[in-house]
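Chains: A, B, C, D and E, in written order; residue numbering restarts at 1 for each.
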Amino acid sequence: MANAFVAAFEILSFGAIIVLIVLGLGIIASMMGIFNFAQGEFVLLGAYITYLAYAKGLPIWAGMVAAPFVVGALGFVLEALIIRRFYAAPIVAMLGTYALGLIIRESVRGLIGGFYLTVPEPIGGSIDIGAMHISAWRFTIIVITLLVMAGCYLLLSRTSFGLRMRATLENPSLARASGISTPLMYGATFAFGSALAGLAGALIVPVFSLYADLGLRFLIQGFVAVMVGGVGSFIGPVAGAGVIGTLSAALPWVMAPVVADVLVFVLAIVFIKFRPQGLIAGKGV
Amino acid sequence: PAPWANAAEGPIKVGIATDLTGPIAYAGNADANVAKMVIKEINTAGGLLGRPLELYIEDTASNESVAVGNVRKLIQRDKVDMVLGGITSSMRNAIKDPIVARGKTLYIYPQLYEGKECTPYLFCTGPTPAQQCDEFIPWLIKNGGKKFALPSANYVWPHTLNVYARKVIEANGGEVVFEEYYPLDQIDFSSTVNRIISNKVDVVFNTVIPPGVGPFFKQLYEAGFLKNGGRLACVYYDENTLNINQAAEIEGLASCLDYFKVLTKENPFDAKIQAAYEKDFPGNFLFAAGSAATGTYRGLKLWEAAVKEAGKVDRDSVAATLDHAKIAEGPGGPAEMVPGKRHCKMKMYTAVAKGGNYEIVGRSDGLVDPKEC
Amino acid sequence: MPEFLDIKHLDAGYGRSQVLFDVTLGIPWRGGVAVLGRNGAGKTTLMKTIVGELPAWKGEVAFDGRDISRRATQERVRAGIGYVPQEHSVFARLSVRDNLAVGSLASKKDDAVDHVLTIFPKLGQRLDQPAGTLSGGERKMLAIGRAMLGDPKLLLLDEPTEGVWIGVIEEITERLIELAKSIAVIIVEQHLDLALRVADYAYVLDRGRVALQGQANDVRVNPELMRYLAP
Amino acid sequence: MPLLEAADIKKIFGKLTALDGAALTVGENEFHGLIGPNGSGKSTLMKCIAGAEVPTQGKVSFINTDITAFTPTERARAGMSLKFQITSVLPTLTLYDNILLALQAQSSLFDLVFSRTRDALHDQVMTMLTQFRLADRAFDAAAALSHGQQQWLEIAMALAGKPKLLLLDEPTGGMSLEERRVTGELLQPIKKHCSLVIVEHDLDFIRDICDRLTVLDQGKVLASGTVSEIQANKSVQEIYLRRA
Amino acid sequence: MPKSMTVVREAIAGDEADGAMAERVAAGQAKEQVKAGRKVLPIVEGVVLVAALLAPLVLQDYLTVFATRVIILALFALSFDLVWGYAGIMSFGQALFFGSAGYGVALLARDLDITNIFVVLPAGTLIGLTFALLLGGFLLLGRHPSSVIFVSLGTLTGSYAADRLARGWYYLGGQNGIPSIAPMSLGGYEFTEGPAFYYLVLGILVVVYLLCRFLVRSQFGLALAGLRENEQRIAFFGYKVQHLKAIIFAIGGAIAGLAGSLYAFHEGFVWPNMVGVVVSTQVVLYVLFGGSGTLIGAVIGAVIVEGVSFWLSDNYREIWPIILGLLLLLVILFRPLGLISFVLGERERVGSFGAKPKETVKRTEKQTEKEKRNAAP
């Protein structure tokens, strides 16, 4: 019983981490039609900023708060300078962001010297319930993920931001002809998606430690999650991330990890093939 | 520059092929630094056979296909007399053929590894499973317990090492509760940790590598493994890897290597090379055993001895003398090649992490035999 | 007094191929203006240049007394220009409801959407359907409705009745006549009758140049007209 | 025996019944007009016939074969050709290539690979382009055409495959009266070897070129018959007076 | 109700060529370079061929070996270009065919001692073809056409999964791959790296190139262009779209397989990256860099990307990945049609299948003039 509870918690917490990472990726993919290969590096930057704050002696939470803002701002700038030229061609966008990711990743690698660096969690230790120990920080991550999800949902469903964004993606020239400032929308959305990645990086760095390939590790998993959930909505990728995250944490409990690893992807492709619109077809938010 | 006695014959060319970029660049750069240091030292002392040494460094970029291309540069363009390098097993596998078989050059592999590399002209100067397990595992059984878990990254080194380790564990009355392999970049270990806790494992003999190892140790810690008296063991853990986790999460972790920095307190020679290295390369790239820096030092010095004895640098002559080369001083102590085996005898140390630093808790009596080939 | 929309010596085109040559036209503050011409004459190009989707190469576009030829489309639209494009005139993946919502983003009136739905009751039955699945005629109605929601002071209509059933065309015409009493309307239309009923004034384009212009009634009877409209 | 017989076609989109037992029969060398208010299901019926939509229920037979389960490709190869309501030319290809693409569609793979029909088709391509007054733009990209010109190109492409049944969904959208007349003239000669189903809102145009008419309303056939029969039909007059 | 949902999507996708797409096309159009008339491609092709033939004479030994590798990669790039640049199928997992063929021939050499060139190269080609048919059959075919994004991410995931499988599978050497593959042989002769291998590979490249060139310029090539532009539309003309896709994907796979087997023997080892995402992305970069949709662009791209990385890693050892990234980004930003677009006009790049364009235009222009006059009342 206790064991099952711990198992459920651990699986859930990994699912939450994947959701957190995919949030930004999903928003950029669904709203802007760009599969951002540099998203992993935005996660990395979030982690790096948190580390920097820690290394400079600032409180860790300060770094964590700063990370989404700094990465978001960077996203805004990058959108205006680079990403903007890619909307016409999704495949070129993949490659362009890939190159961008490469640059960021290798620069960070240079900065941290290719090491694995530890960052302590602001809320450390474990919560003990009887004989069970669950990680306090992982628990915090679950809570924050839920809050962020709710926040995004409200932003996209209760304000006209989501509507403007979808209109812009769907038909930019018509959106302009409806008085929507498409450059601003693109900039804001990309910045928002990047900020979420920055936040994800900040929150997960205590769990996984800082290293240059931190973000890359999650990229393909993230794409698969987005596809499984369904491109075109906010909920879709989130649901997909939940499924993929949970699955990849849960399968090793019942089979050899090496098999589980490949199986997740094979299952995902088969699923997408037979339900190309994803878990949640692109409707609503 | 010193006046070279045999300057007319031109310099002797030493090739280093190591990972200067990519995920394990920290190790590769340290190795390259060590090579620079050793070559400089030899040159200041008058070179080799009256000829200067010239160093050629190529990046293997943690990418085997780039590596092969760059190694070919060393062989075919620079025509080096010897290549030292490669850190991972897969890198060694990728470049050994271009060096030894197709390139007809001597190859020294400096990293601790799984053993079983018996290619002619390929010499290994890092510790082998026997060297890392024979004394370490009995110590673990005494200072940890009998129930072992072998969580491992899924590649050749852990597989082969585990076969050996299991033999030693069982021979010493221990028991392997489970042995399991994970994809190299797996970073969630909840099911593993759960098995370890629920099976009441005493010693986690870990061969999971970064990036997985950090989260793994953390999860173990959070699940109360250390609190309940569990012992972590990891034979590649050196000063570089200490930073992956917070000190508390790896308190008591035991490792067995040919060198630890704390040895500088007791060995004047270690203190000397450590100081020389830190003076020349004050950055982040540490002189440590797990990243093959010590193996590189040892390899170059052994090769120097061999060339001196042979009096020539052609492959066959040097291979013949390198076969039984010895050095009286090296990181952690003397070292000598085991004749006919192309592996190296060396001293081994067991150390335990305490508050983020190592303490030596055991040392081999003499030089430990690699037991290979 | 300057015209509401004043276009002087406008050249425009795509890439390097010039389509409009020295087009000069004026749109009054109120009333309808028709732009006629055969296929490929440059009518759509003119409309696109007015809303700013295409840059003006040369010449001047002044709206409400200000030069807008360097402004972005969305700014022109916010300044009071409404546009119904000829093609791709709805957001295909958005529901009809959302299409209308986009149209009324800038609008202050609460009942504007209801108003549109009384004009086009058909749309009311299709509110949750993606606009891309509407029938051709329904799509046009939606596009017109969407543009009207923004309370434009100048409405550009590029063939608003293409594919619309005659019964509805009549309705649309009446609305436009109504509308033209309070705002300016530019209409590109193949139904000559309809166009000239809505418009007081007409321009005829031929190969990118203004070939003919005048009061609607005069143009209608001008013997030259047919020559410019025949293929 | 009719060339095309679509019987009892039902098409349901979610909650909406777009076609509710519609039927269409077209004889050989017959020009058949399909009319009705917006949203009455004309385009949907055309798509069901050409295979762009799968009817929820019903049967389509063409030249004595049941083609209900055929793919669009198979239908095209059986001799059908469709022009969509919304133009869909191949934008970056030249006009020439657009037409050639349509013309060579049914050549065998072998002929395609070894370009055995290229020369043979060249004159046909140029003739078609000239007929539709697009010849001077033969080597422009199709995307550079105005909307009306794209309609011309679409019609040309639909005609290219020498179909036995041509399905035109509002081919004259965006054309002036004069241009419509010319289109009608261009269509007349094909009557010798081809039947036509045409959707139009312009009754005059339809009257001029069609032999028979079918009127759809809310997914059902309101009436079907010769032009004069339809014009006399009470209920047809009614819906044409009723507001949509 | 999954059925009706797909129908909705289809209706949207097929009917309303969506606005964003229209804008894309318009944007592409606006950039059109009026450099028509002159035929630049054959000149470029000729120059590249001559350079390639002479290369070993001026290059040192090790550079010839390097050049051999580059040519093999160019062959690989060609396979991707055919599939993506011409047929519009985004195979983001092209390395799967490259690598699986490499593994296949490596196993032949390791376990069965087969290195005869007349066995291993066909075998590799066949392996690539088979894998392409399997993966393509699964991802591409079916009544409802798959979206570009699905195909690209699907193939990418396929290649990622294969990479992980190779890493996990002990028989394939796991992480270490299969080292020390014996050289390819012909009778008693062994192809070791060097000029002989170079000319062998160059010969193969030229033959494959010519075949591809013939294919894409034939009427079949026009069908492929139609496939790229709008797959659903051409189905209504009567094209057997599924066949077309299967054929071209399989040809692409076969060429990739051929390249993969050459690569395995030339490098002497295979390892998991070879089927994985890194190599898959790399080939896309070659083609994009050089200019997709022109065969020579793929070759040029491979040569330049590899050449530049080689040079950079020599001269800017610490930061070369960053510089490479910057270069790629710059080219993608400012030359989205690839380096070839510096010399090549848009029309020539997209290709045109009409015979003798100039003459025809003139002739018909006169006709239309006349007709216009006639038409006017």
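Note that a contact is a pair of C-beta atoms (placed from the backbone, for glycine too) under 8 Å apart; a residue touches a chain by one contact, two chains touch by 3 or more.
Quick caveat, the model's predicted, so the values are computed rather than measured.
Asker: Compare the CA centroid of subunit E with every other chain's and tell me the farthest one.
Answerer: Comparing chain centres, C lies farthest from subunit E.
Asker: Of all the other chains, whose mean CA position lies farthest from subunit A?
Answerer: D
Asker: So the centre of each chain is just the mean of its C-alpha atoms; given that, what is the distance between subunit A and subunit D in Å?
Answerer: Here the centre of subunit D sits 48 Å away from the centre of subunit A.
Asker: Using mean CA coordinates as chain centres, what's the subunit B-subunit C distance in Å?
Answerer: Between these chains, centre-to-centre, one finds 76 Å.
Asker: From the C-alpha centre of subunit C to that of subunit D, how far is it in Å?
Answerer: Centre separation, subunit C to subunit D: 29 Å.
Asker: Can you work out the whole-Å distance between the CA centroids of subunit D and subunit E?
Answerer: Roughly 38 Å, centre to centre.
Asker: Could you check subunit A for residues that touch two or more other chains and list them?
Answerer: 106, 170-171, 173-174, 258, 261 - these are the residues of subunit A that touch more than one other chain.
Asker: On subunit C, where are the residues touching two or more other chains?
Answerer: As it turns out, subunit C has residues touching two or more other chains at 14, 87-88, 90-93, 133, 226, 230-231.
Asker: Would you mind listing the residues of subunit B that make contact with two or more other chains?
Answerer: Residues 21, 154, 181, 183 of subunit B each touch two or more of the other chains.
Asker: Write out the stretch or stretches of subunit D touching subunit C in their complex.
Answerer: Touch residues, subunit D against subunit C: 13-14, 16, 36-39, 42-44, 85-87, 133, 144-149, 151-152, 170, 173-179, 182, 201, 203, 240-244.
Asker: For the complex, which residues does subunit D have touching subunit E?
Answerer: Counting only subunit D, the residues touching subunit E are 12-14, 50-54, 71-73, 76-77, 81-82, 84-86, 88, 90-94, 96-97, 100-102, 104-107, 109, 111-115, 117-119, 122, 125-126, 129-130, 133, 135-136, 138-139, 141, 143-144, 157, 161, 182.
Asker: Using the touch rule from the top, collect the residues of subunit B that touch subunit E in their complex.
Answerer: Listed in rising order, the residues of subunit B that touch subunit E are 20-21, 57, 59, 61, 63-66, 68-70, 72-73, 75-77, 88-90, 93-94, 96-98, 101-102, 154-156, 159, 181, 183-184.
Asker: Give the list of subunit A residues in touch with subunit B in this complex.
Answerer: 3, 6-7, 10-11, 14, 106, 109, 113-118, 120, 125-126, 133-135, 207-209, 211-214, 217, 248-249, 252-253, 256-258, 261
Asker: For subunit E, which residues count as touching subunit A in their complex?
Answerer: Listed in rising order, the residues of subunit E that touch subunit A are 2, 5-6, 9, 18-20, 22-24, 27-28, 84, 90, 92, 138-139, 142, 144, 146-150, 152-154, 156-158, 160-161, 164-165, 168, 277, 281, 284-285, 288, 318-319, 321-322, 324-326, 328-329, 332-333, 336.
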